[in-house]
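The data blocks that follow each hold one structure.
Shared between the two complexes below is chain A, which has chain B as its partner in the first and chain C in the second.
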Partner chain A sequence: MKKGQTVLIKPNIGWDRLPEQAANTNPDEVAQVVKMCKEAGAKRVRVLDRTCNQARRCYKRSGIEAASKKAGAEVRHIVKSRFKSVSIPNGELVKSWPFYRDALEADVFINMPIAKDHSISRVTLGFKNIMGIIGGDRGQIHKNFMTKIVDLNLAIKPTLTIIDAYRVLLRNGPSGGNLADVAEKKIVIAGTDPVAVDSYAMGLFDIDPGQVEYLKNATRRGLGQMDLSKVKMKVVDLSA
Partner chain B sequence: MSTLSRREFMAKSAGAGIAASSLMLSQKLVADDAWALVVVKNGSPAQLVRRH
Partner chain C sequence: MRTARRISQIFFLLLFLFLFFQARYPYETWLPSDLFLRASPLVAIATILATRKVIASVLIAFIILLLTVPLGRFFCGWICPLGTIIDGSDNLMKRKKRKPRQRESTRFRSWKFAILAAVLVASLFSVQFIWFFDPIALLTRTMTTVLYPVFSFLLLGLFNFSFSTGLFEDQVYSAYDMAQNTILPIAQPMFFEAVLISLVFIGILSLGMVTRRFWCRNLCPLGALLGLFSKFRLTKRYVNETCNSCSICQRECKMNAIEDDYAVNNTVECIECMECVSNCKPHSVSYKFGKNIGKNEIDLSKRRFIQAAAVGLAGVAIAKTSAVSREETGLAIRPPGAVKEDDFLDRCIRCQECVRICATTGGCLQPSFLQSGWEGIWTPVAVPRLGYCEYNCNLCGQVCPTGAIQNLVMEKKQKLKMGIAYFDKSRCIPWYSQQDCLVCEEHCPTPDKAIKFDIREARTPEGTMRTVKFPYVDEELCIGCGICVTKCPVIGKAGIFVTNARAERIEV
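Let's turn to the complex of A and B:
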C-alpha cells in the first residue's frame, strides 16, 4: 500500500464469542494488521463487519473492538444507509447486490476471515467472509451458494486476504461455543490470490480443493488459481 | 513495475470486464515478482501476521 491511502479491514466479528471459541477472527492478528497499515502510512484504517449476533456484544466479546482501537483503527458498526447497489454484469445468478460503501471506496480492502466449519457451506474462508460487507437478505445467498458466492466475489476483490488459522473451529460452526471443537493450528495464510488462499486453507479441514465447487467456479471465471502447484508460494515455519 | 491500486482495479472492472480485470490483476502481481500466497506457522498471532 501507499502512504495516505485508506484501508478497510474486514474480520469475522459475527458472533458473541470469546477468541478461544474460534468463531471470530483473532483480535491480536487484526490489531497487528492495523499497526502495519498505520506504519506503512495509511491515512485511515477502518474495521467493521455485519454481525449475526447483536453487533455491540460481538464487537466487545470478540476482543476485536478494543484491540483494533488500541492499534489506531476506527471501529465502525454497520449502518443500513451505507449500502450501495453494485451491478454484477458477469454474475450467473446474482446480477446486482448491495455492498457496503466503506469496502467499495477504500483504497485497500483487506479480507480477514477465520477458518472454520460451517453448517451450510461446509467451511467458511475468504470467499464467504465477503458476506459481512453485503446488505439484503443474506439467506438468499445460501441457496445455490457455490455459484452465488463467486458472483459476489466478482464485484469486489480484496487487495489482500489473510486467513486466521491460529485456532480453527473444526465442528459445529459457524457459531461454535464448545472448546472441544477447536484445534490450535498456529497458522496464518495470506495472499493476493483469493482462490489460492482458500484452496490452501481447505487442507486444514482435509478437503481437496479440487472437489470444492466454488473454487472450481472461481478459477474458471478468472478470480484466481486453485492449482497450488501453479502458485508462487512461500511457507515460513517460525519454530524451525 | 507498479501494480494497480484497488481503486484503479475497481475502475477497470466497471462494466463487462470484471473477470478479465481480476485475471489481469493477478497476472500483473505475479509479473511484478510479488508473492501470491504466504503461509506462516508456529508463532503467536502477532508473530504470524508480522512475518508476512
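Let's turn to the complex of A and C:
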C-alpha cells in the first residue's frame, strides 16, 4: 500500500466468543496489521464486520475492538444505510447484491478470516469471509452456496487476504465454543490471489482443494489459481 | 417546601429514567434497574399473598410502607414517577372552570380502595392481578413497549437522515456510536401488545381532563394502600388563626383532600404536595409533627367492599377457567430461569424489564397475548422468529424484581432447556427440495452442536441425484434458544420451530 491511503480491514468478528475459542480472528493479529498499515503511512484504518450474534457482544468478547482501537484503528459498527447495491453482470446466480460502502470505497481492502470448519463451505476462509460486508438476507446465499459465494467475490477483490491459522477450529464451526475443538497451528497465510490462499489453507484441514466446489468454480471463472504448483509461494519459519 | 417537593419529584423521575436506560447489555451496574419495582409495597404484598412465600427481592418495599406510617403518603407526592408524569400532563390540559368555593366531587374516591380490595382478594385465591394497576409496573411496561420505541424511532430517523446527507460523517458516526451505547437501541425495538398497553397509559393521562391526579385520587391501589397506612401519620397539616377562609387551598389541593372547614384535611388522601402551603396568601398553613386533628376515615363502605371482593373473585374465575389450546401452550416458551408455571403466573408483574433487556441483546422476549390464557396476558414469551436467546446472556434473570425469572449463573443457563427445536420437513429446504442450506446448524451455539446432519444421496424434484446434507436435532443437546428459527432463510413460517417441550423450570 501507499502512503495516505485509506484501509479497511475486515476480520471475522461474527461470533460472541473469546479469542481462545477460535471463532473470530485473532485480535493480536488484527492489531498487528493495523499497526503495520499505520506505519506504512495509512491515512485511516477502519475495522468492521457484520456479525451473526449481537454486534456489541461480538466486538467486545472477541477482543478485536479493544486491540484494534489500541493500535490506532477506527472500529465501526454497521450502519444499515451504508450498504450500496452492486451489480454483478457475470454472476451465474446472483446478479446484484448490496455491499458495504466502506469496503467498496477503501483504497486498500484487507480480508482477514480465521480458518474454521464449516458445514456449508467445508472450511470458512477468505471467500466465505466476504459475507461479512454484504447486506440483504444472507440466508439466501446458503442455497447453491458454492456458486453464489463466487458470484459475490466477483463484486469485490481484496487487496490482500490474510488467513489467521494461529488457532483453527477443527469441529463444530463456525461458532465453536468447545476448547477441545481448537488446534494451535501458529500459521498465518497471506496472499493477493484469494483462490490460492484459500486452497493452501484447505491443506491445513487435510482437504484437497480440488474437491472443493467453490475453488473449482472460482478458478474456472478466473478469480485465481487453485493449483498450488503454479503459484509463487514463500514459507517463512518464525519459530527461531 | 413545595420547591423541595418539585425537586424531589424531578430527581426520582430522572432516577427512574436512568435506571430504565441502564437496563441494557452489558448491564454492568451497582444500582439495580428494577429498584422502583422492588420498592412498590403493592407488588410485595400481592406477590407474597399469591405465592404464600416471602420473596427477598421485594422486602425493600416494606421500608417505604414503614416510613408511610409516620410520614404519610410522601411516596405519592414526592417519589412516584407516574405521579410526576401525571402532574406534568395535567398542566397541559384544560379542565372545566369551577365556581368559587365549589369543591370537586369525591364520588370516585372509594374506587381505589375497591380496586385494592379486589386485587388482594384475588391474590388470596392465588390469581395475581396487581400488575395491571401497580403504577410502577404500569409505567415500566409502557416505557418499554411504547414510549421507548417511539423515542428510538424518532432519534434513529434523525440519525439515518443525517447519514443520508453524507455531511459530517465522522462526527455523526461518533454521536451515533455514543448514543447507541447509552440511550439508543441497537435496532428499532418493536413489541406486540404495544397498542393495548398504550391505551391504558393514554387513558390514565386523559383522565386529567376531568380532574388533576384522577388516577391517584380515585384508581391507584398503591395510593389506597399507602393511604391506609397513613391514617395515623405524625406529620400533620396545621392552619393557624390568620386563615381568612378564602378557599384557595381547597381549590389548589391536588388530591381534593381539604374539607369545607379549611383547617381540616383528610390524612388518608393527602400526599403532602405543599400546594396549600405555597398558595396560602396569609401563610396560615404549615406541616409539622403533632397531634391528630384531621379527618382520617377510609372512603370504603361495607357494600363497596363486598362488590369489590366479588369482582376480584370473578377475575379469579375467568383466569382459572379460560381455555387455551395445546397448540398455543406449546409455543409459550418462557425465559431461561423461569420458575414453574403456576408460580410464574403468580410472581410475574408484567413489568417487561426482561423484555426490555432482552431487546438489547438476543431479542426473543415479547409480551404475550393469550398464549397462556387470560391469566397469562402480557407475561413474557420467546418468539424465536423475531429474536433468539443469546448463548452468553443471562440478563433477564438479573432484572426480574419478583424472582419469576431466577438469576442463573452462566454455566447453568447455558445447559438449561427453554424448549426443543423441531424440523418442519415440509418447509426445511434440504428436506423438501433436496437442496443445501444448513444456516440453522451454522448458528447453533452449543459447543457440541445440537443440529447435526446426515450426508445421503437423494433425488431432487427435477429428477437429478445429488448428495444432500440433511439436518436433524439432537434433543439431548438442544436448549431451545431459537437462533436456528431466527436465521432460517425460508420465507414466512420457518423450516424449524421451537416448542416448550422438555423445558426446564426452576423450583423455588
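What we mean here is this: the second predicted complex is superposed on the first by the 239 of 240 C-alpha atoms of A that agree within 3 Å, B and C clash if a C-alpha of one lies under 4 Å from a C-alpha of the other, contacts with A are read in each partner's own complex, and residues count from 1 in each chain.
FYI, a residue touches a chain if its C-beta (ideal position, glycine included) is under 8 Å from a C-beta of that chain, and two chains touch if they have at least 3 such contacts.
Bear in mind that the values here come from a model prediction, so they are computed numbers and not experimental data.
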Task: More chain A residues in contact - chain B or chain C - done: B
Open item on the list: Is A:212 touching anything from chain B or chain C once the two structures are fitted on A? First, second, both or neither.
Closed with: neither
TODO: Would you sort A:236 into first (chain B), second (chain C), both or neither based on which partner it touches?
DONE: first
TODO: Kindly classify A:82 by the partners it touches after superposition: chain B alone (first), chain C alone (second), both, or neither?
DONE: second
TODO: Please indicate which partner A:130 is in contact with in the superposed arrangement: first for chain B, second for chain C, both, or neither.
DONE: neither
TODO: Could you say whether A:2 touches chain B, chain C, both of them, or neither, answering first, second, both or neither?
DONE: first
- [ ] For A:178, select first, second, both or neither according to whether it touches chain B, chain C, the two together, or no partner.
- [x] second
TODO: Could you look at A:154 and tell me whether it touches chain B, chain C, both or neither (first, second, both, neither)?
DONE: first
Open item on the list: Looking at A:166, would you say it contacts chain B, chain C, both, or neither? Reply first, second, both or neither.
Closed with: first
Open item on the list: Quick check on my understanding: which residues of chain A belong to both its chain B contact set and its chain C contact set?
Closed with: none
Task: Partner chain A, residues of chain B touching it in the complex - done: 5-7, 9-10, 13, 15-16, 18-20, 22-23, 25-26, 29-30, 34-52
TODO: Over in the complex, which chain A residues touch chain C? Could you list them?
DONE: 16, 52-57, 60-61, 76-77, 79-82, 118-120, 137, 139-140, 142-145, 172, 174-178, 181
- [ ] Spell out the part of chain A that touches chain B in their complex, as residue ranges.
- [x] 2, 5, 26, 28-29, 31-33, 36, 88-90, 104, 106-109, 154-157, 159, 162, 164, 166, 186-193, 196-197, 200, 221-225, 228, 231-240
TODO: Spell out the part of chain C that touches chain A in their complex, as residue ranges.
DONE: 25-26, 160, 163-164, 173, 176-177, 180-181, 186, 361-362, 390-393, 429, 435-439, 441-449, 453, 469, 487-489
